[in-house]
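Quick heads-up: structures coming right below.
Okay, so chain A shows up in both of these, paired with chain B first and chain C after.
Up next is the complex of A and B:
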């Protein structure tokens, strides 16, 4: 493909994205900044057979993660059998004691999963992170594709990527599958949230109501949406885009103003479905990531199809020894942090910083994981009219309804800083569309 | 085995009307292997749609929302409970969660120091192997804590941590329980906070239960004794916060409405002579 064809309209597509409000908000020093999420017109292209491999691996992974969460909140067999040490589960921030013994509709805990992958220079794909709580990002390639098709219809006549506009249909099916009777709502904290564009876009595309906590009330053990005329409408499924902590002030943070009082009580009774299930963060803790290949073996009796990045747990003596000996070659991650925060590259630390860090590591080994730095495959982006290579990852989306479905697209995020491996949008990165070739 | 007649009354008075008042009450005695509700009545005012549920710790909840403005909120619970009905083994609730410290029980330097002292003394002073089991150790800790800590109200608050209370050296039953939990969890003994009532006291009470091979056993560090059939269990959890008798949020007019809470508790054994004041 001649890349230049695509760039001709790069500016107009970015202008349209800005006009549609494709933005990403971040809080820095407690001040809300809204910035455009820079879009690079050159798509990441994944051949059909390569994506088929990813698809198989992603389905396997998400099925195992779901079984793990169900086990942790019920029988806890994987712990009794000594596969996962109990302190990694019960003292992790993702574990919520109040979810014990709750069985969500259809036994699904992670309806919408965002799995972050990277490809190394040798072509091997690695899973870097599982995001099961409220992963965002699907809306960006959706709208970007739509606008690109309008600006450059010719290209889509020559190349045949899988159509990615079916995400809304999959999402709707996922929500309907668990709905307990009534309307479907996307619950947003409001426009000062980083992903507000996505909330409103997904509501529009799926035909769900976009609502905030004030528009929803619990009465007589059921959830109702109050419409503009004051009429109450029963709600059966809530795709919540607020974290567990803020979901219900009667169970979680008392000072949450964006939640719905008592929603957790009726969820426990099975009177409303919540997507994704509260407490499912127990499986996407960075410390738990280490154990995913073991989980796949334990629950499915299969070997993991997708690789984990080589990871060490300083919690284990041997791993700690390795980490101390190879500190400069490793990247260390604080298991409690997300969004690219709490990530430390060993070789970048000064002598003093290193000493401080090592002290912390030895005091609280459970808090960190260490990973080999993967030499990412660079992807070209267009900058000031020139092609430049940048680090990029891929967030693939897996939707769990009756069967797991992998969306044949994904959010490719890249770092705009040539020396950085961190691609998170909250750290100022940009995005690309992901084209999965149909043949 | 005892038959206890109980009456739990709580009221909150607001100086300005509040509305959209959401509440969750954990004030109903929970039935289990050894405690049966022979008679249970409850009433909440103002009138609203009252729902009943069970939380993850197995506690009975009464919850609802009073949306209309009101200045008085009350819960009145009374009935007859049969206690001491048998061993408590069948309970299936996970004990894993009861092994970990919480924000309120997390030990600091002081409690860790006290724990070291207790651990050494326990090994030295206890020769008989039959006392070296989990219960023996817990009872030893309880005696020592009871001697070391002094009962006094008004020193600590509801969100005081075990470490803070221990540093002050005095507090109420909640503080005894938190410090005790902190020590037991340092010793890797699964244990939980229990709120309830006991005969003779005009307040709600709190104590601790430990998990032993024979089931859950109650220990009351405030009174330095093993919990018997003169106690009524209401709620249990990892710490005080899981057992809040009344958790509520509401909207007022300006700022935070001033509120005054009053609680009255009465527990009497049936057949027991009353003091004539009734």
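Up next is the complex of A and C:
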């Protein structure tokens, strides 16, 4: 039986996703729009043994990244030993000097990591990006699975993928593990944030309180939630869904209206846990990505299990030479950009655009990385009743509590444009559930 | 109960008010729409006057379209439904995804009705979803304070609307009784003098509707 027959109730699932408001926000011409996140019901299926390999590699990678961040904000041994050049650390936008010598609860810097992977046509998996700041997306496959089970029960009687509805349980355990005593809060910038659905859904599913910055106050070196009667309830853990820049106007951007004044001071004193830890972006810089295999060797004494996509740093003379010689075969990424923005395919540029880009590259070599274009394995999606191949990636989630846990699922994002490699929702991409087979 | 911020109590209260405003105005509008078809073309003017909304409409037909569906008109039913949605969507973790889904579906139904040449039929789906929303509020929100804040908003809005529409005293008394039972269960502070005055005004055979509206609006100040 082909997929069209198996997933005949796809429209019903999309109807339910609309009913439950599974949306993301997007700004067009400075106006906020809520859009449904297009869902394709045919899942990405990963066999158990293949996922076991990914799981091992992901745990290894996130453990090394955590050790790297700890080292950078304390001893800086990896720099002294010449493994990572200091220019790549201290000039990156993710490095925060104010985090120096601060140790977060249980020494965890990246509690929730979203690692983006792609699978090449030969079956090899490559890590494309490490998203350690505030990776989003877990809520979508979680709710989609719940709704698919309602609409296609027979499939789940026949096939037994690992249940992915335990993400909220893992997330709660992760938050509780570092909680310093008191309530757990998910800090949202508010309804007009692109990922607001996720913030509110995760709050509902974990039982945490969803709060804006102005509902929380720092007093006597502790964080409190003010209830409607004026009573103050202590907060011990904040899963913040706002970036470092906006977290505390007394330490970072002073014009931030969505942060909590003085939270950084009490975080420094160990009186509240912040997930993910401020400053952890030092390790998810696209330039730092290049050094992750070296980090794994340095901190863990192991070879990296997962491959990086072949990457070049124009910062290095030899790499710059290679990039200039093979420009048309490479994809170039601005290290400061995210969400699929700042990505340039060499072969797509006109002569003039290429000249302009190369001038910029030579002037600011630290700003870019270059990667070989990986010919992703196409995944079928259903479009107007027909199966069509599209490029897709996988965002795997690793939660770091007492032990690292790799969620047996993930967000598979696909491009709806047949000629595009860009899968981001903000650029029109859709999503699939990811099934990890239980045997 | 869990902890609720003052902003959330406000949201819950207004969710109740706006959902009730949509429900009651739709009910009244449906009756009015019927009589405006071939009987009292100008009846909508009286409706605007009683509701204290500006009569910006060119005709009964214009009123029927814009009062229902013009999202740019702050007094339209669609705008009120959008306000209900605005308050509901930020309350997912308090009221739950299932409860929220009924407001979401009311919005979809309103969009569908906007495209229809027989809007009253389609608007019934909006009403159905609002009624289902109240049912699920009772059934699935365990926290009595959260539940009561929504229901208080509903009661306050209903008395306000009924008073504006000069509804019979009997109807108002019934709603006031429910308001009296509900208000203490919210844990919210309210204007006790206003509540006493509302009860007093309804003891009179001839209700002073204007004073009643003013007092209802003072209740939660």
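Note that in this section the second predicted complex is superposed on the first by the 432 of 439 C-alpha atoms of A that agree within 3 Å, B and C clash if a C-alpha of one lies under 4 Å from a C-alpha of the other, contacts with A are read in each partner's own complex, and residues count from 1 in each chain.
In the analysis below, a residue touches a chain if its C-beta (ideal position, glycine included) is under 8 Å from a C-beta of that chain, and two chains touch if they have at least 3 such contacts.
Just so it is clear, the structure is predicted and the values come from calculations on it, not from any experiment.
Peer 1: Between chain B (first) and chain C (second), which, if any, makes contact with A:49: first, second, both or neither?
Peer 2: Neither partner.
Peer 1: Mind working out whether A:21 is in touch with chain B, chain C, both or neither, as first, second, both or neither?
Peer 2: second
Peer 1: Taking the superposition on A as described, I'd like to know which of chain B and chain C A:227 touches: first, second, both or neither.
Peer 2: Only chain C is touched by A:227; chain B is not.
Peer 1: Between chain B (first) and chain C (second), which, if any, makes contact with A:211: first, second, both or neither?
Peer 2: Only chain C is touched by A:211; chain B is not.
Peer 1: Should A:158 be classified as contacting the first partner (chain B), the second (chain C), both, or neither?
Peer 2: Neither partner.
Peer 1: Under the contact rule defined above, give the chain A residues that sit at the interface with chain B and also at the interface with chain C.
Peer 2: No residue sits in both footprints.
Peer 1: Spell out the part of chain B that touches chain A in their complex, as residue ranges.
Peer 2: Interface residues on chain B, with respect to chain A: 22, 24, 49, 51, 53, 55-57, 61, 63, 65, 93-94, 96-97, 99-100, 238, 242, 247, 249.
Peer 1: Mind listing the chain C positions that touch chain A in their complex?
Peer 2: For this pair, the touching residues of chain C are 2-9, 86, 89-90, 92-93, 96-97, 100-101, 104-105, 108, 187-188.
Peer 1: Hey, which residues of chain A end up touching chain B in the complex?
Peer 2: That would be residues 76, 79, 86-87, 89-91, 97-102, 217-221, 249-250, 254, 261-262, 265, 268-269 of chain A.
Peer 1: Flag every residue of chain A that touches chain C in the complex, lowest number first.
Peer 2: 18-21, 183, 190-191, 200-201, 203-204, 208-212, 214-215, 225-229, 231, 233
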